[in-house]
Structures are given as C-alpha cells and as structure tokens.
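Below is one structure, written out as structure tokens; comments come after it.
Labels run A, B, C, D and E following the written order; every chain starts at residue 1.
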Amino acid sequence: MTTTLKHTRYVIGENLITFAAFALFLALALMAILGPAIAPYSPLTTNSAIALQSPSLAHWFGTDQLGRDVLSRVMVATRLDLGIAVLAVALSFVVGSFLGTCAGYFGGWTDRIISRCIDTLMAFPLFVLAMGLVAALGNSIENIIYATAMINLPLYTRVIRSEVLVRRSAGFVEAARLTGNGDWRIMAYHLFPNVLPVMMVHVSLNMGWAILNAAGLSFIGLGVQPPTAEWGIMVAEGATYIVSGEWWLALFPGAVLMLAVFCFNLLGDGLRDLIDPRMRT
Amino acid sequence: MLSVEDLSVEFRTRAGVVKALEAVNFSVQPGETVGIVGESGSGKSVTAFTLMGVLDRAGQVTAGRALFQSNRVAVDLLKESESSLRQLRGQELSMIFQNPRTALNPIRQVGKQITDVLRCHSDLPPADLRLKALEMLASVRIPDPVKRYEAYPYELSGGLCQRIMIALALACSPELLIADEPTTGLDVTTQTTVMNLLKDLAAQRQMATVLITHDLALASEYCDRIVVMHAGHVVESAPTHSLFSQPRHPYTAKLIAATPEPHKSFAELMPIGGNLPDLKAMDLAPCRFSTRCDRFDSALCGQTPLKRAALAPDHQVACWQPL
Amino acid sequence: MTQLQPHFANALPHLPPPLLRVENLCKVFPVGKAAQLHAVDQVSFQIQPGESLGLVGESGCGKSTLIRLITRLLDVTSGEIYFDDALLSTTAARQFPRSQHRASLQLVFQDPTDSLNPRFSAYDTIADPIRRLSPQQDKQQLQARVAELADWVGLPQDLLSRFPHQLSGGQKARVGIARAIALNPKLLVLDEPTSALDVSVQAVILHLLADLKQRLGMSYLFVSHDLNVIRLLCDRVLVMYLGKIVESGPVDQIFSHPQHPYTEALISAIPSFESKPHPIALTGEPRSPINPAPQVCRLYGRCPRGEDRCQQVMPELQAIAPNHQVACHFPVSAAADSRD
Amino acid sequence: MRRRRLIKTSMGLVAGITLANGLKACSSPEAASTDTSAAVGTASGGKPSDAKLTMVQGGGFPNSLDLHRVGTNRPAYGISWVMYDRLMTFGSKELPDGSISYDYTVLEPELAESWEMAEDGLSVVFNLRPDATFHNGTPVTAKDVKWSYDRAVSIGGFPTFQMKAGALENPDQFEVVDDQTFRVKFLRPDKLTMIDMAVPIPVIINSELVKPHLTAADPWGAEWLNANDAGSGAYQLSEFQPNERITLTRFENWKSGPLPQIKEVIVLNVPEAGNRRALLEKGDIDINYELSEKDQKELTAMSKFTTYSTPIENCLYSIDMHTNAQLKGAENPFADVKVRQAVAYAIPYDAIMETALYGQAVPMYGEGKFEPDSTTWPQPTPYKTDMEMAKKLMAESAYPNGFETALAFDLGNKEWAEPAVVLIQESLAQLGIAVNIEKVPNANFRSVLVEKSRPMIVNNFGGWLNYPDYFFFYAYHGQDATFNGSSYKNPEMDKLIEAALASEPGKPDYDQNVEDFIKLAWAEMPRVPLVQPKLSVAMQPSVSGYQYWFHRQLDFRQLQKA
Amino acid sequence: MAKPSTSQIVTQRILAALPSVIGVVIVTFLLTRALPGDPAAFFAGPAATAAAIEEVRRNLGLDKSLLEQFFLYVGDLFRGDLGVSLITGQTVVYDLMTRLPASLELTLAGLVLAIALAVPLGVLAATRPNSWIDHGIRLLATAGVSLPTFFTGLFLIYLLYYRLGVVPAPLGRLNILYSAPPQITGFYLVDSLLSGNLGLFGAAAAQLFLPAVTLGLFALAPLTRVTRASMLGMLSSDFIRTARASGLPPRQVLFGYAFRNALLPIVTTLGIVFSFLLGANILVEKVFAWPGIGSYAVEALVASDYAPIQGFILTMALLYVVLNLLIDLLYVVIDPRAGVES
C-alpha cells in the first residue's frame, strides 16, 4: 500500500500535467459539492433588466438572455454534468463489467451471445443510438444517463472481456479453483479486482466522453429540460449568440466543459502511467 | 580482441539509481569461447547490451572502457559515435538473444530480415543478397532453406528461430558473437542441437564467442574460459577446467554445489543462502556477496574497494579470502 | 495397456492400493474445424501412497494437460481417473471445487509470479484454501495455521503481509507451496516448480520439497523437463512424448539404462560439468500432435532407429523388466543386444 | 386599423378567405414573399435583368415540388407559388409602415385572363390566356386545368381538405367547355369558393407531361411531380438537390403577369440560424428570411440591410390551459376558471416581450377591455401582470396552496418559447404553481396538440386571414380542433361562433356575436394570448420589392435586385 | 496453420457480421416505433381531422400490427426498397446514395487530416517519452478531443469565416458559384480532378477544409495516443533490440521495423475512430450545412420519419461491417499472422 502511495506521489511529482489534472479534478469535485452554495447568484432567477450583459465585475461570465448570471449557472451545472457522467459511466461500468467478465470467463455460448449483442450495439452509430433512445424515451435526465450508459456499454464489455480472457488461464485463477473457489467467486474476487486498474483508465477517459455526449444531445435539442443549467445546453444555446457578438454565453460554459473533459482525459493518461508498468521506465 | 575494463553501468529508475555493473573486467581472445555465468540480476545481459550499445534509455555507462580489436578495426566500443558503432554491429560483433521468437521481427519474412542486415553491411549487389541469405540459412542447417526464407517467425519452432537468429548474427561474418542465453526456453534436446551448431560455426569461422548463461553446466561444456558474475561484479574468471576443479571464490564454489548434475546426489546439492543485495541501496557493501558468504569477515571484507587479484595468469578472483 | 494393471499387481503384490490411478486418459482439443489436437493420448499410470513419481518430456508433450486433468482443472475427453478409489473423472472440472477430494489433490505451479493473485497478500493467498475448504476455522486458528505453514515453507512471518510484487522469486515459490499444502493434500502435483528460479534458489526449494514430503507424507507427481531434478527427488519416472507415455520405470534404472530412444536422447542432452558436448541423436522437427496418424510412432522421423514398422504399427507400452515399461519396437537394450 | 372591408371584385364577388392551411402554426417560419402578376403600383417590378438572387430561410427547406403530396412542408409552397400558376391571384396594398402586403379583398387574373359568374351565382366560367404555355412549351388548356382540379379534390390529405373548405369537393364540379374555357360548378353558395381558387393549392399542372408517369398505385403522379417541374409559372426549375439547394430560373415566356426582374433564384439550406445571419452579414446571400426576433432587432439596428417585419395576420402566441375537469385520469386544476384568470394575471408579459421577443411583436395584453367594443382581431386582452390580483384569485380558487403542473413547448419555437416559459415558470412559482417545463421535438408537438395531453402548452396559431370567427372556430369551438389547445368546450361559445360564421362582417349581428365571444374568452381565459408575432426578413440594400403574403413565403416574382 | 485466403476471410467476416445486421434491423425497427411522435398526425397537416389522420395512417401502413409492419419492412428490404422519406419526399435509397458520398468524403478528409497529424506526432512523442515534446503533444491532442465538435465548428466559423474571412461560407459542399462535378465517385475532390476541373477542386477543398479540421481535431487524440503507446511498446521490444544490434540504420529500425509492427493497433483504432467519426459527423454536418447522411438522420429522427432512420442506421451498420472487413484485410496485408489463430 505504501509503495502504491509512494508511486502515486512519484507519478504526480514526476508529471506536472497529471498533477494539474488531479488538482483540476479536485476543483471540479469541490464545485460539484459546493457549487450551489457558493454561486454568487441564483442560477435560475431571471432579470430582464440585465439580459445579455457582457462580462463585468458583477457578472464575471456575463449574463444570458434572461439576465441570469452565467458564472453561477456554470458553477451550479457542475454537479449535474458530473452527475450525469458519473452515473452513466458507473451504470455502463457495472453492467459492462458483469457481461464482459461472464463472456470472458465462461467463453463458449455465453461469450458468443454476449459478444453478438455487443457487436450489434457497436454496429449502430453510437451517437445516433443515443439520440434515438432519448428521443424514444423522452428527454429527461435519467434517459440521458441511460442512453449514455448504453452507448458506453460495448466499450466496457469488450475491454473487460479481453482483459478477463487474458487472465482466465493465468496461474492464479487455476490456483483459485484448486483452493476451492467456484466460478462466481473467482470472477468476483480473483479476476475482477485485477482488471479494475486497467478499467479505471477507461472510466476516466469515458467520463469526458459522457459529458461531451450529453452536450451533443443538448445541441440537437435532446438535452435536459429548461431552465436547468447544464454546460452542454448552455454551449448549444450560446452558440447561436456567437455571431451576434454575445460570445460569453457559449465560451465560458464551453471552456469549463472542455476543462472538465480535458481533466478526465489527462487523469486517464495519468492513471495509465500509474498502472501500466511498461510506461513506468 | 575484446577487453572490458572497469565497466560500470547505472540505471536511473523512479525508485532510485541501480548500480547494475561495477568495475567489470574481462577479456576475450580471438577464437575463444568465454562464458559469462551468473544468476538473474547479476548483470550478464546488461554487460552484453552495453557492449552492443543497445542499452535501454535509462541505462548509463558511468565508467570503463571496452576495447575491441579485430582484423579491421580497433576501437573503444563505449566511446564510438552511434553511427560508427552501427557500422560495427552485425559486421564486427553481433549478438543473439534469448527468446528467439520475440527477438525476430514478427511480421517480416525471416529471409528478408537476414537480407536487411546484409544490405546495410555488405556491398553485395541486391540480386545476390537473397542467395547469400539462403546460404546462411543452409549453413545453420536449416532444412529446405528456400521455403524457410519466406517463413515468418510464428511459423517456425523455437529451435528453428534460434537458428535463424544465428544466421542473422553471422550473416556478415562478425569476429565476435555475443550469445545471450541462446537456449533458454528451448527443450534440452534442442538446446544441445543449437549449442553444437554454435560451437561448430564458431570453430569454422574462428569466431570469438561470449556465451551468457545461467547454466553453469552448459557453460562448462562449451566454454574455454568462464567469467562468474554476481550482483554486478565479476567475482571470478578462469579457464573452465580450473574453475570447476578449483573454484577460488566462495560464490563460484557455492554455485557449483547448488547445480544439479547427473552424478550429484540429493545430499550433495547445496543451496546458497541469502538473497541478492538490493542494487539500489545507497550503502551497498564493497563485496556484494558478503551477505551470503559464510566466510564473511567484517574486518577484511568491509574494505573498500573490493580486492581483485590474479591468483594465476588467467585466473582472477575478487575476494579477500579466496578458497 | 490396461492389461498392465494385473501385471503390476503381480509384480508388486505387497503394494497398497494406489492413491491415484489413471486409465486410458485422453484429452483432445479441437483446432479449427476438423482438426483435433491430441494432447494426452491413452495414458495410464498410477501413484502409490507416499511415492514420488516424476514426469518428464519436452514442452508441448502434454505434461501440463495431463496434470490439469489429474488435478481436475480440465475435463477429460475419455478415460478414468481414480483417486483414493473414487472415480473423479466424471465430475466436471467446474464442479470440482466443491468436491470432497478437492483438498486432497493440490498443485504447485510453474510460474510463482503468474500463479499468485497480484491483489492478494501472501497471507490471503495461503489462507484462501483454508477459508474455502475448511471454513470451520476461526480467525485465530486461521492465523495460527497460516503462521505454521509459513514456518514450514521457510517464509518469514513479516513477509506475510506483502503482495507478490514485493516478494522475490524464491519467496513467491514458498507462498505457492504453502498454499498447496495448506489442506494437507494426499497428492501434490508439482508443475516444474523450480524452472523459473535461479539455481541457488532451486536447490533450496528442492530441499524444502523433500522435507515437506517427509513431514506430511504426501505423494508427489513431479513434472519437469529437467531430468537432473527428477532424478534427485523421484522414485519412479514417466517419460512423455507427444501425448503418450513412451517409457516408465524406476528413476535409477531409466537413468542408467534408458530403453526408449527418446529417453536416451534426453539423458544424453543433460549438460554436466566438464563433459564434452556430444551430438544429439534426434534430428529434425517433432511431428504435429494435430490429427496424428494412429499407427505411426510419434517419434518416427526424428528417431535414429526408425524403421518401416514404426510407421505401420504404433508401439505399445510393454514391460521389459519388472516395473519398467517402454513403448518402442526397438528398445535400446534390444538394439544393443543385437548389435553386440 | 386593418379594417375588414368587403370589396367587390370586378366580377362582383364577395371575397373572404379562411383557409385551413392558414391554420398552420404561425411559428414555423418559412419563406416566400409574393407579388401577384397584376402588380400594385408601388411594388411593380423593374425591367427583367440577369440578376441572380440567393436566399436562405429559417424553419426548414422545401421538401417537395408537389404541394399536393402528403408531408410537403410549408417552405415548399413558396417554390410551388412561383413555379406554378393558379387561375387567379390576390391584389396588393401598402401597409401603414410602408411595406407591401397582399390584399385579400382583390382577386386578380393569373392564368385566367377573365371570369364570369353565372346568373344564379352557382357556377363560374374562366377564360384562359390563349398565349399561356407550360415550361415545356405546350399551351395551357382547360383539360390541364380540369386534371389539376380533379387531382386537388381527389388526391386526399390536405389539398382535398383545403378544396373542401371552399366547397370544391367533386371532379364533377369541373367542366372543360373548350380548350380555353373552364367552368366550375358550385355545390352551394359559399363565400369561400372563389377565394379558395386563388390560394396556393389549386395549381395548374401540365397533365400531358405527367400522364406517362401515372400508375395504378400512383394515379396522380405524385412520385414524378415530387421532383419534377410541370408548371407554367414565372420560374422554372433548373436544379433540385433535396435538402441542399433549389435553383429556379425565370420562364421567359411567362404570360400570366409582368416578367420578373430577377433571372435566377437560388434557395439554400442553412440549418444554423447563426450561420444564416453570418452569411447575410458577409454579403454572401441576398435575403435572410424568417428571422428570429433577436436577429430582426439587431439586423434592423445595424441599418446595413433592408428589413421588414410584418405582424402575421390572425396569428397569436398564447399559453393554453387544459380546461377539462379531468386530465389523464387526474383532477385538472386549470378546469377552475379562477386558476386560469390567476395565471393570466401572473404572466410576466413585459419581460417576455422584452427578453424573449426583443420587442419584435405586437403586444396582446393589458390594453383590452372585459367588455370589448371592437371586432378588431387580434385584439389585446384586459389582463396585465398583476401579482396581487393573481394571488387573490388563487386564494379564491380551489387551489389556494397551488399545485404542480407541466408546461410543454415546441422545440421548433425554442428561440422565444424557451425564455418565455422560464419566465412564466418563475412567475407562477409565486402563486405556488410549480411548473415543470417540457420541450417537445418539433415533430412530436403535433401529437401533443392532437392528444391534448398536457395541462399547459405554448400555442402558436394563426389563420390565413383576419376573421375572428374563423380564429375562434379553430381555437375556442367545442369541435375541439387541433388548435384548441385548451380543449375548451362551451355551448354558449359555440353558438356565438357559429352565428358569426354564418354571417358576414359589417352586419350588426356579426359584430355583436364577435364582441360577445371575445368577451366570453376574456372571462373564461382558456388561453392567455401573449403577442401577435411578426414575419421578418432582412435583405441586402440592393434588393427591393418585398411583399408580405398570408402564406408567409417569399414571392420572388416581385423582387428586384440592383 | 494453413492461412485462409482473402476470399475466405471475406466470407467468414460477412457471415460473422450477419447476426449483428439482423439485430440492427430488429432493434432499429423497434426503436423507431417507440419514438413518441405520431407521423400520421405530423404529415396529415395541422388542420387534419381525426379521420384525415387515420387515412394518412392507413396510407403509411401504420395501422397494421407491429409484426405485420416488421415483415412488410423486411420484405421491402430484400427488394432493396428502403421506403420513402416523408420529409425530403425522395426515396430513402436516393437520399442515402446522394448523401453518403458527402458524409464519407467529409469523414475521410477528417480522418486523413487526423492521421497526417497524429501519426508523426505519436511517433515523435514515442521516441522522446516524458520529454516536453511528449507532454506538449499529449496536451494538444487531448485538447482537441475535449471540445464538443459543434462548439469547435461554430467557433472556427466565427473566427475564420465571420471575423477573418479566410474561409468560404459554411454552405455545404460547394460555394454557390459552382455546380457539382459529374458524379463518378460522388467525392467532389476526386470527381473534380477526374473531370480536370482544378478550380472546382479548389472550391470543394476550401469548403471541406473547416468541417474536416473540426472532425480531425476530434480524431487526433485517440490516434496520437495509440501511435505513441504502440510505438513505445515496439521500441522496447526484443526484435527492435535485435535490429539495432544488427546495425540496421535508425530509419529502418524506426519505420521499417518498429512502425510497421506498431501499425496493427493503430489500424484497429483507425477503425474505431472512423465509426466514431461517422457519429460525430452528425453534429458537424448540422453546423456546416453539410448535406450528408448524419444531418439527414437527425432531421428524420426529430420528425419521427421512420424510413430514413431505418435506412440510415442500416447503412451505417453495413458500413461498419465493410469497415471491419477492410480492417481485417489490412491486417492480412500488414500482419502475416492475421487470421491464423481462428
């Protein structure tokens, strides 16, 4: 454990970028927790008197068409955006882990059936699938989460399957069987924990993608319902104001969205460095 | 023809600096087969990689010379520029590796890999490259060389791959061949075949060979002289016969005693106690065997630097109280 | 081959019933559409209580498959495995972890790194079989037992909390052995337990294994490609070549008078101090184990003594001396006799 | 100010139009401005030139060349309007702001150079222009006219529905007298029959060209006409790349009116509003049609472009509240009139006007009277934002503590509707009404309207002409038409509407009925009118001749480019 | 060990993909039927009465049972009839045929751009691991993938078109001044060259530039990453050591040996990225008014227009199968081991 900690510290110390990503992640997490409490204004209260004001001391990120403070909306949106990403990723991670572990471990027909289903899912243009699901189920936050989880599912299932496949015949798995572990126990206690670190890389890379995906859905009108503050929808709505000169509407949420995705991507890289011994030289 | 003097190599890793080699000395005469023997982590392969200039990025030569002299050139391998070293590699000195299957480019026909080497070291017209490569394949006793020329490594057995490696290494008739555990992972019968082949080819071409192995018995069968390494030190270096009949370093003696052998009974098989010292440690003892040695005398063995002495003209040992 | 059974019984009437009896064991793996890889082909042998049986053969000869069949990690294609007079081969490998015989039949793995769960500490690894198969132990008993096992295998107590990557090769091997003996198995299968170790450590482990055998009264099935090691530890040896047993007999006899040309080649290939290299008798490449011709001797093509008969009739395992069988039309002694 | 006058045409027919088609949501912005061939002085075109005109429009791209087809969208009417001729068209007039609008009181010749009503008023005879030809050069005959009319009443769907609105229902009504003469027999006297023949639907199609493509499954050649030109209009098709661009070129032999000035018109599909605006600002296009309120305001303020913004006749943005006692099996608070009135007082009208609509609409609140004394339509309600009043009414209602409800709007309107609903949500919260906002994709909103499944919706409905009785017939009548977003049913209201429909403007009983039903609407408040929207266009200064049309598409024939 | 022939691989692949395609057909059908809008109500027009809506419903075949509709649909599929798009009024086959090349051209251009940048950058980073170059490249690539494509697109338009005016208007595939080249491949870049019209080529390239950059930025990160990781792995592999020890020139070691081996994971990623881009296309096409199948699908989806959605998804699925086939074949070209294990 201590060596892991030492190694973590080392990786972070060695790599400023990863350190910055960790710091950013902490900042985002804090924002998600405290956002509504520390936002300078209410994210929902409108004030037509100050609509579409450019950034100023009072409103650092300016105000939107209803006079709402963009900074506050961006801050408050953190919880929702991270929430969508975390839940969607967690959902696909759990389901994908289960399917992938089963497919990889049992092989044979289990594998064939699961893999075929996943192939079918993969054959869909994934974003269109997400659009279709949200359109069919209705655009609520839950459905956005389901749809995002659904399109991430193949990734997890496939990666976990192949990781499990590699380890299925490893000595320690055979040893576990020799020592009286049944299939499910082997999967849960012996295989899965060993696959987990590799998966964490994908999880963090995927978080970024989940956020982007929600933003894309917002852009075509399948995002969260107004007046909820959400980065994607703020960018999507703000985008139409760029040409008329109200650049701050899209730029600030866009920048924060990018930072978040950026942060998760870099974290993924950092985790990979942490986990992949080959990268450790 | 090769004289390694005071070679020291360090690896900078995240966990600290590893003193992989320290003041390694040995030499190879023309036509001679020298065995470098030691357990894993003793620095055998690092020595070979250093000489070939293919050390990992993290490795750094901190001291020493490696004078190489052949009919054509006389250089210090550690001082040469990368480009002139490249000329030497494959041409003057070459190397074969353990695990021949991964040591060959998996997606290139083995024959082509040989011609690649020929092309960059010889003036042969392109048309003759293939012929020469086929000739090499035949010389390592590969049946049906024309067919094998087009084979990929995955289509060949480990023994065949190792023979291809030998052909590749010998393609430009180097004067020195470094064989790094050439038979690890091969079956015993294949091992004998490969070793016999190497032996024959070396004799035919009057080529000096450095055989790196962890198998003392194997080294004893094929080498003229043996260098025993332990934890980055050369502990003993002697002609094969005298090394086995009269090992002077305690480690050598223990190694011999620990090696199973056809005529050795179970009771005679003596384990070596202790572990290799941590080469990252800052306070590494001058004698790196001291922790495992039952003759350890703190007054004597704690001295710096480690005593290295020639007990006979060609028998060196690094010990304060040799056997 | 089954007729050898009474033969044994006759030859060694004083022997107790065998601990392990393997009869006509076959394992076939499908390769592609029509091809089948005959990894283990009609193998029969037995192990007596307290006996050490060696198994040699080169890589790919089916050793690993055979021991995985015996330790019930793989399902058999045909044939029977009797352990303590119980028929094990009908229990599916998947069900076997719950079998009452699971504890008695353990395996030490070849690669100590690969065989230890990287996420389990040494303690957890050793405790795992006890937790799984003798769950009545309370925590203190468990700790005491693990400590005892660590002691037996010479693993310092303070290393028990470490994870595999913090242990040396020898230490990992000790953990693996401790795990295997945790349940006092009757038969311990050792799959090349020292091949990944340095000679210095190898000697230690070999001594440890010899001690443990004595202490726990186990039988060993010791697998190795290194005859030298087998010779040191085993009473009897089986020589395997491409899925078949080609020779079996007492270790000294095989060493001094190998009968099968393959055994002979194996023995002559063992390097030894200061002997001079000698040409190996076997040439060429091994035959493919995929869809092998049933009537052709598997060594045919590499064998210096191969004759027409060798590709017409598959040689059967036959006793040429009490307790010594060979599967060759032209065993060495016969050839030597005819030559002399 | 737009007084409904009944003007006798030269034929002496009373004109008045209510067109079902006009009932299309005002919202969907589409392009087309028109000018009839019979030019009004102010709008008359210049000399034909080689000018090339490029335009983009909001709200979609023409999806067919055949406006009789099922699913043809509104922008396609603009293309059809200039590619095909009808027998008659409307005149034009100048609006108070100086812009030109069509004049529904004047019928003018197009393909028919004249027409005569029968003595009994039950048929009309059209005399076709002898020199009119289709784009392929064949003369336009009465046979073609009959085939086209037959098609319109037989093909089903909207065209047939629309023809029926003018009592044109049966092919037997249409008779070829000779090549140049065509007679339409009336089923009954109907003030809409003549007018219905000047709307976009009864286009004259080159039947000979279509006939080879007819099949049993497709007896009216819908498939072929979908992508091919069989018209005689001022412009002919030169390129049709679905969803990309349509290029029209002037038909030099057009005889049904003065030859247009513009030689070539390119209609481009640019889905992003921001891009459309950027293109105009960069000078890459000539016309940006159907602007958002914001763009309209800002482009006008730039004074770099010629902009027009015309209140859309008979069209209102409104908030409809479901009035049935039960909705989806649950009690419906909006069935309580006090609640509805409270909502009408709570809506932040000025904020919506300012922030959601950028002031680019005609307010329809606050200035009206509970006892209306005018039949002007649309006219403002007497409700203005008054939270005290609203709270008082809520307290008197059955829901003094408020309730939770949902407000749905069409994503296609989101530019103004989204800010508006957010403002409303905020405001109603003060009454204890918790509003969940639901944005519904454009296509699905139609289902929402048909199902009447939401307690509150943002509605946006208009008829083609300014008759309150027709507006009310679709928006308040108990027949519960699609656009009666409140599902409002009141026999008293129905009686008043039906009486007005049967009468004619200007007659006292008509005026009384209209004033009465408006009064009733203001009292009952099933829908809260917000504003009357405007149709906006921004053009390069070089372009002139814009004319507003009830069908809300650009009429290229009237445009000029310097 | 016998290596399967190319045609065997193709057949095998197609057979293997068949269940997926069938799955796609079923799921698509069900999904489109689950869309909330009522196409009959939508297309019957605003003032339609209930009877009129019913009539439209009957005409569209929507009154039949789901199973019946499905079999009709499958039957039509076998005849190559994908139905008629209600929003464009064209047959879906026609729409897809005219639009697919636009999407493919855009996606390929984006991909080519990304490859042209990512591969050299990845190799550069791999040869200098943990240097500032390595970190810089990582930052650049990650930044690219962190931006929503529509945002990048709109921002680029604002900057390069609206503000600086250095690129043409975002108006689809060609400036209004030009008309499309004679259709040969459907790729304007290729067709214009084939017809020898350089001006047209320039115009098409200019229109393509911005959307391709937008897409390319998005594809940069995965490709760079994989190139770097895979090169790094190869450079530390045994056979590279052999090659270096044999004195092969660095160029040959890097490109002839390391890079060719590193290509395998890159090609795999390429396939994933390509299908990924086909999805990302949807947003880019919408922003740039690009007449591709992505924007087509979005419109159809919003209008609950079943036929185009089904046709689009089916096309994408087939494209995916073809893509995988191509990758498999590419594998065979690069790696002699490919297909042997199976």
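Quick note on the criterion: contacts are C-beta pairs under 8 Å (C-beta built on N, C-alpha and C of every residue); 3 or more make two chains touch, one makes a residue touch a chain.
These figures come from a predicted structure and were not determined experimentally.
Asker: Can you tell me the least number of steps between chain D and chain E, where a step is a move to a chain it touches?
Answerer: The fewest touching-chain steps linking chain D to chain E number 1.
Asker: Average the CA atoms of each chain to get its centre, and name the chain whose centre is farthest from that of chain C.
Answerer: D
Asker: Please compute the C-alpha centroid of chain A, do the same for chain D, then give the distance between them in whole Å.
Answerer: 46
Asker: Could you give the separation in Å between the centres of chain C and chain E, each centre being the mean of its C-alpha atoms?
Answerer: Inter-chain centre distance comes to 55 Å.
Asker: Give, as an integer number of Å, the spacing between the C-alpha centres of chain E and chain B.
Answerer: Their C-alpha centroids are separated by 52 Å.
Asker: Per the centroid of Cα atoms for each chain, what is the distance between chain A and chain E, given in Å?
Answerer: Roughly 23 Å separates the two chain centres.
Asker: Residues of chain E that contact two or more other chains, please.
Answerer: 35-36, 129, 154, 158, 162, 236, 286, 302
Asker: For chain D, what residues touch not just one other chain but two or more?
Answerer: 272, 274-275, 278, 281, 411, 441
Asker: Can you tell me which positions in chain C touch chain B when the two form their complex?
Answerer: Against chain B, the touching part of chain C is residues 58-59, 168-170, 198-204, 206-207, 210, 225-229, 231-233, 255, 265-266, 268-280, 282, 284-286.
Asker: Along chain A, where are the residues that touch chain C in the complex?
Answerer: The contact residues of chain A facing chain C are 3, 170-172, 174-183, 185, 190, 193-194.
Asker: Using the touch definition up top, name the residues of chain E that touch chain B in the complex.
Answerer: Contacts found on chain E: 1, 129, 236-239, 241-250, 252, 256-257, 260-261, 334-337, 340.
Asker: Which residues of chain B touch chain E once you look at their complex with the stated criterion?
Answerer: Interface residues on chain B, with respect to chain E: 49, 52-54, 56-57, 86-91, 94-95, 97, 99, 102-109, 116-117, 120-121, 152, 154-155, 165, 168-169.
Asker: Which of the residues in chain A come into contact with chain E in the complex?
Answerer: The contact residues of chain A facing chain E are 14-17, 116-117, 119-120, 122-128, 131-133, 135-138, 208, 212, 215-216, 219-221, 232, 235-236, 239, 242-243, 247, 250, 254, 257-259, 261-262, 265-266, 269, 278-279, 281.
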